[in-house]
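Letters A, B, C, D, E and F name the chains as they come in the text, with residue numbers starting at 1 for each one.
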Amino acid sequence: MIYLTRKIEFSASHYYWNPEFTPEENRRVFGKCANRHGHGHNYVLEVTVAGEPDPVTGMVLDMKELKQILEREVMEVFDHKFINQEVSQLDGKIPTSENIACIIWTLLEGKVPGGRLHHIRLYETPDLFVDYYGGNAAR
Amino acid sequence: MIYLTRKIEFSASHYYWNPEFTPEENRRVFGKCANRHGHGHNYVLEVTVAGEPDPVTGMVLDMKELKQILEREVMEVFDHKFINQEVSQLDGKIPTSENIACIIWTLLEGKVPGGRLHHIRLYETPDLFVDYYGGNAAR
Amino acid sequence: MIYLTRKIEFSASHYYWNPEFTPEENRRVFGKCANRHGHGHNYVLEVTVAGEPDPVTGMVLDMKELKQILEREVMEVFDHKFINQEVSQLDGKIPTSENIACIIWTLLEGKVPGGRLHHIRLYETPDLFVDYYGGNAAR
Amino acid sequence: MIYLTRKIEFSASHYYWNPEFTPEENRRVFGKCANRHGHGHNYVLEVTVAGEPDPVTGMVLDMKELKQILEREVMEVFDHKFINQEVSQLDGKIPTSENIACIIWTLLEGKVPGGRLHHIRLYETPDLFVDYYGGNAAR
Amino acid sequence: MIYLTRKIEFSASHYYWNPEFTPEENRRVFGKCANRHGHGHNYVLEVTVAGEPDPVTGMVLDMKELKQILEREVMEVFDHKFINQEVSQLDGKIPTSENIACIIWTLLEGKVPGGRLHHIRLYETPDLFVDYYGGNAAR
Amino acid sequence: MIYLTRKIEFSASHYYWNPEFTPEENRRVFGKCANRHGHGHNYVLEVTVAGEPDPVTGMVLDMKELKQILEREVMEVFDHKFINQEVSQLDGKIPTSENIACIIWTLLEGKVPGGRLHHIRLYETPDLFVDYYGGNAAR
């Protein structure tokens, strides 16, 4: 079993706001992130696929095909978007890295050819990132 | 003469839109950046000060003081902000990295103790950055 | 289950010396690191917490709170310190990255709110790092 | 149990070509990588060894010894080589990162003193890497 | 005057060999780089253009246009190529980073719209790079 | 004219203390850096040499020779050392990055074959660095 990882980057903006909180509570809990004009990040996403190398190609999966899937399922949804207003998959959720990672998993699961989606890592900044291995908390 | 550089990072969102263009022209010229909801970046700013090391401290300038100036003049203006709507210094200007760098120069010039503002570099992404040496295009 | 990681950096100095070795043995086993004046590193620490995102905040834990804990439990102990002489937690131990990582685990375990300490990674240099998952060698 | 990782870098060239494919199939499947003149990469290899720190040295293993093993088993085989023509261990295999990683595992397994080879990561570019944990797909 | 820099990456292979040297001289002067099978690198190229931001767009030049020029003039020539055999611009020259940088300058000079080619930096590895400012050794 | 840069890294420790200050003044001016036990950094040094590529080798200078010079003149002096006590070249000076850079310039000037020492950059941390172009403040 080999784990193959591809890294991509997208630029998006977001803010944190829970409508059941008062404005003061939002500012206390979320700090600067509660600014409803939004602010942004260069998100870096690592997508890891597990599989056996195909003896004919030596590859776990076709990287060109993976790149197209990431373009269609992730980049078109998130890149150069204001997540709170333009990514309907996160409606009603606070667009933290935790929640974005879970949504990206859902967007990719079952679409990876020749392998199995194993892991995604999402960097919000170089100093803050989340890892997700799917619903089966197995690890 | 020694050049001392301090790097800081801020997260902000922006979009590109010239009100004298039609929407179609904006989209053609600015591409994805014309999305008026905004999108964001982790901007990385390098501020370089030129000077002679003080024989008493061995330093070109007091780094703690520089850090406070950057906090007050740059971070409070740009960090976690939607530049088009919240940074009045850029009113009427398209908030490209070129224009943001010029504004940051203006905000810092004359405020650096014990040295002379020499250069700023602003990364919009790890693959795209601008350098500015002040109005005197000298270099 | 989501794994959230925060990266911090501290500067410290250390040396390797086993008092039961002769000076020659220390130099043979530890090489340059046996210089008892000490030498230093910019250590980079990644602290990973496992948990379910809180449905009210979308977060595994309050990042501001985690930052305060890291400041108090790690930075105050190690930053700008000569580990052999100033970090009593390592008295009688050789301050290798392996041993520093175990001590940092002990300092943090049980203090992380809203989640479970899952993993720490400590970089001594960009080319040398250790990972520790706690006493339960489970992984 | 502590996991200690050492990073090294080597420069090599390769191409992808399956002799059972027609030239057209090779170009379709492998794209630019099918250029039989070869092209190259600065490969970055991370080698992770698992073990308990030795109470006498505080180390999982002697880093100087590990460095010598990596020099002899990996660098001499791969560094500044055209893999398709000069690395006999990959004869008859397409030198993808997947296959190179498996071969490096074989070259290192059983040669690591004072610990157990746990994991290797091989970066072909900063945006593309593979992880391998040995034949026992256990993880 | 603003300096705008775009970073791109290409993978290529090369070797160093002066036909007027004996094989022994080539090996002595060029070391491992004299292996005529070639070896490779992930070259990183930074291209810097100098200009005044256009008041209508806020940009020194159209980044989409610059990207196309770099694709056509640099990537098509160098990416996934064995430089000694496939880049005719370097015929009769040893493909050191010094010489590659000069050729890239020649390929780009006069083709940059809305600005002036100011500087190129070429990384052969993260630890070794060259800078070139054009024939006018001015700097 | 081409500028060739080689990057090396050394680990050292230091502290800041002016014996003409009171202990309180030292702590006020130098903060944490005034801890006389010392603390450390992984310093990264970039050394830039200017020259014309030799038509016979395609190189500004022999990289193997430069590496030996850096090993002998810089690494042997600074690597794994406590600068305040073990680097006599800095006796009576506060070992700031500014002063270390000037000393390294002195150690290297006149020893670079086939070229001219043009520039050194010294990173104390990834976020703080100094540039020095020699006594002739020319730039």
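In this text, a residue touches a chain if its C-beta (ideal position, glycine included) is under 8 Å from a C-beta of that chain, and two chains touch if they have at least 3 such contacts.
It should be emphasised that the depicted structure is a prediction, and the values quoted were computed from it without experimental measurement.
J.: Moving only from a chain to one it touches, give the least number of moves from chain B to chain F.
T.: Graph distance in the chain contact network comes out at 1.
J.: Specify, for the interface formed by the sequence copies chain D and chain E, whether it is same or different in terms of residue numbers shared by both sides, with half as the dividing line.
T.: same
J.: State the superposition rotation angle between the two copies chain B and chain D, fitting on C-alpha atoms only and giving a multiple of 5 degrees from 0 to 180.
T.: 180
J.: Using mean C-alpha positions as chain centres, tell me how far chain C is from chain D in Å, no decimals.
T.: About 28 Å separates the centre of chain C from that of chain D.
J.: So, what's the distance in Å between the C-alpha centres of chain E and chain A?
T.: Centre separation, chain A to chain E: 34 Å.
J.: Name the residues of chain E that each touch 2 or more other chains.
T.: If we look for residues of chain E contacting two or more partner chains, we find 126.
J.: Once the touch criterion is applied, which pairs of chains come out as touching?
T.: So, checking each combination of chains, I get A-B, A-C, A-D, B-E, B-F, C-D, C-F, D-E, E-F as the touching pairs.
J.: Help me check something: in the complex, which residues belonging to chain B touch chain A?
T.: 9, 11-14, 32-33, 35, 37-42, 79-82, 85-86, 125-126
J.: State the interface residues of chain E toward chain B in the complex, per the touch definition above.
T.: Of all residues in chain E, those touching chain B are 1-8, 48, 53, 56-60, 62-64.
J.: Which of the residues in chain C come into contact with chain D in the complex?
T.: Within the complex, chain C contacts chain D at residues 16, 18, 20, 29-31, 93-99, 101-102, 126-133, 137, 139.
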